[in-house]
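Two complexes come next, and they have one chain in common, chain A, joined by chain B in the first and chain C in the second.
And then the complex of A and B:
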């Protein structure tokens, strides 16, 4: 049971990394990205291939996975630079699906639908199953913490301010003197690096990846995590990811206890509950559990300080 | 030499000729009014000058430099900034953040400097904060500095448009109907603020439909109609001009 809980913890951490990445792209810059799982796959395959085929150290593989995620993010951002809203959603969704089809068919590189097995995990042999799980949980938790604080810095900075301005109105941001496309590309690069990092970690944790893992449903779970936690809030991204994983896993235990349901019906009921929860959430708490902060000052001002300095005009 | 020169600028949208070779110059140090009936191409001209929509043909020269086809951010950075007709702003940013956004030369807008929170970024932020607070005080926006821009009244949104333009330390501001939909007393107040801005050496080009505002504020008035420059002069001169009256009112039937 502890091992199961630890595995859920790792899973939640990987979801949290992805939700943090999505928060930069969508929460801060307002760019729709329904291809999250594609960037996750890029990171997973990059690191898995480098460590299994070329025998590179895991650390290098993970760094390369994040880097490749960022690089592909830059490419997708440049290709979609002039698209917005629904169109951007369709193209990014198609991108992730295309990647999955490529991974299934380019057998020489990806081993096709058989997937890549035997991906090394850090100190897997030395630590034993429980020890390895625990070590990986600590590793993922440390990375989530590091990424969280880095993204908080970005959020409370002039850079974050420009991204939020683009989210509201990119023409205004351009007139304000900001090179909008460069910022959109950077937002994609940063967010997709986090997605790639999550993918690389996933591969090294489970030791096996295959195209069937990288389905659009995962993208939706990440989006759900951020929506539930609070779009535009890093804290919300992490909390939402933990909640979604807890929710998905707990229903796994609860549904079989319901009388008169077959296994197939139970699985379907789980999806119904997830969708229902999303609808209820969007109806009653649009801003998520942890709403976006009112403002993001680099240098906080005491409330009312500005008002006192100047003569009052009621 | 004029501060802004527009030479033969055309712009069509799928066969609709919004601008048919506009020729005009804006002199430094004064308020120039740009008037004309609806559909004359005034806002399209603003879009072409500021790079929001590139012109199809023609040249735009600002402060001795050909800025035709430049990206809008480069044009703003060069000292030519515009406001929007419908106060747009960034509704989910606070008034303070809206003002700070328009500040130039903030190294913290780079990813690495933002991550490292460098001394230069913090120092520049202090300068911009001081500037934003001064501008807000001047525009009577101090009380609402930390409110969301979406929570402002219509008149305050218009003032914020002007404030944001001022943050860039511009040479020329293009104002697209700064008094549209504003009550008469605030219209007068906006007028006074614009006069102060010009007194500090910033030039203004102003689109406005309220003729009394144009008459009171503008040193020089340019009239556009059907995508062209029609005439120019003092307000009294253009108001007395028969072609201007015709452009606004149509040709009297008994005279044709």
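And then the complex of A and C:
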């Protein structure tokens, strides 16, 4: 049971990293990215391939995974920089799908749908299963904390202010002399680095990755996390991720209680519940549990300003 | 290798004509409601399965089964838009688009819950391919092509000659002006949701007729359908047809140097290429 809780904690940490990344892209800069899982996959595959095929140290693999995530993020952002949001939605979603098809077919590199197994975990052999899980939980928690404080810092920095200005009205930001596209690209790069980092950690934790893991449902989980916690808010991103993992895991226990369902039906019902929850949440709580903080953490926001600033209303 | 090109062109035109049907549905919904409706994928799947039940359980032949596909997918589209997506619209198109992804996953799993994950084939008479020299054409493909052309003709006639069709174009073109003229936009939205998703259902079944269907049928085709609509110009119905033919032919020609499983990647590349070179698409409006 402890082991299960620890594993849940690790999942929550990985989701939190992704939600933090999404928060930079969507919450701060107001950019649409429905292909989160694609950047997550880029990080996972980069690190897994570097460590299994080239035998590089795990640390290097993880750094490369985050870097590759950022690089691909820059590429996608440059291509889509001038597009309207609805086109950005299509392109980012398509990007993740195209990537999954490539990962399923380039067998020489990714082992196709069989996936890559035997991805090394840090000190996995020395610590034993329970010790390894606990160590990884601490590692992920430390990374979430570090990324959280870095992004908090970023959010209150002049850079973060410009991002929010662009989110609220990019023409005004441009008139104020800000190079809007450069800021958008940087926001994508930073956010996608966090997504890539999460992907790399995921691979080293589970020791196995395959294309079927990187489905759009995962993107929805992260959106759900950020929406539950509060868009534009780093604390909300972390809290939301924990809530989402707890919710996802609880559905795992509810399904077996229903008699007469086959395994496929159980899995289908679970996805219906999860996507239904997202719809309900989107509909009734677009502000999330922790609404976006004012530009200063100590000065309370004015009542009524919240609805205007939420990017979901943009 | 070059000798394969005529065959691939024929296959591409046939695939493109089939693709045009759901692409018209998508682009019509976009034209009126102004958001990319990703739930198109599951509606195509629902249509494919509705047609499957009509075909295998009720013994309908292809054309009546396609009507069932249209009606069931259209009805689900109407209801899901009314009760799930409509409330999102005031929150902006991104929220609506995300909602439509959640919706599509939910609906896809409803299909999975009922029918399971296995592949299902339609009950069709076995027919030998026709041969013209080196070219092979399947009678079913020709029938699908004919059906697609008829569907397109009906859509164009509807938009050009009926009052509702004209009202639909008016709302797409300028909602406030249409409102001043007394056009009930909410009614038009319901009609476009029904017809658009109905077309998605027909498209799903036409795609399934060639091969087999499973709960992911619509999702696998989604990128190609979106590519067709974007290449032609989102919101333009003639554009959807042109885009679908372009994407269909492009996907088939890609078989010269890529494996068939890369089809949807070609669709994605087509989206990228068009958005870089001509963001409004071949026949559409500005994309930025």
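The rule is short, and it goes like this: the second predicted complex is superposed on the first by the 275 of 314 C-alpha atoms of A that agree within 3 Å, B and C clash if a C-alpha of one lies under 4 Å from a C-alpha of the other, contacts with A are read in each partner's own complex, and residues count from 1 in each chain.
As a working rule, a residue touches a chain if its C-beta (ideal position, glycine included) is under 8 Å from a C-beta of that chain, and two chains touch if they have at least 3 such contacts.
Since this is a predicted model, take the numbers as computed values, not measurements.
Q: Would you sort A:59 into first (chain B), second (chain C), both or neither based on which partner it touches?
A: In the superposition, A:59 contacts neither chain B nor chain C.
Q: Pick one for A:246: touches chain B only (first), chain C only (second), both, or neither.
A: Neither chain B nor chain C is touched by A:246.
Q: Does the superposition put A:159 against chain B (first), chain C (second), both, or neither?
A: Once the two structures are laid over each other on A, A:159 reaches chain B alone.
Q: Which of the two partners, first being chain B and second being chain C, lies in contact with A:102: first, second, both, or neither?
A: In the superposed model, A:102 contacts chain C only, not chain B.
Q: Between chain B (first) and chain C (second), which, if any, makes contact with A:173: first, second, both or neither?
A: first
Q: State whether A:223 touches chain B only (first), chain C only (second), both chains, or neither.
A: The second partner, chain C, only.
Q: Have a look at where A:93 lands relative to chain B and chain C in the superposition and call it first, second, both or neither.
A: A:93 contacts chain C only, not chain B.
Q: Considering each complex separately, which residues of chain A are in contact with chain B in the first and with chain C in the second?
A: Correct list for chain A: 311-314.
Q: Along chain C, where are the residues that touch chain A in the complex?
A: 30, 34-36, 38, 84, 87-88, 91-95, 97-99, 101-103, 105-106, 109-110, 112-113, 116-117, 222-223, 226-227, 230, 234, 259, 261-262, 264-265, 267-269, 271-272, 275-276, 279, 287-288
Q: Which residues of chain B touch chain A in the complex?
A: 50-52, 71-73, 76-77, 81-82, 84, 88-94, 96-97, 100-102, 104, 106, 108-111, 113-115, 117, 121-122, 125-126, 129, 133, 136-137, 140, 142-143, 145-146, 148, 164, 168
Q: Show which residues of chain A lie in contact with chain B when the two form their complex.
A: 150, 153-154, 157-162, 164-165, 167-169, 171-180, 186, 190, 294-299, 301, 303, 306-307, 309-314
Q: Which residues of chain A touch chain C in their complex?
A: My answer: residues 32, 34, 79-80, 82-87, 89-91, 93-95, 97-98, 101-102, 104-105, 216-217, 219-220, 223, 262, 264-265, 267-269, 271-272, 274-276, 278-279, 282-283, 286, 311-314.
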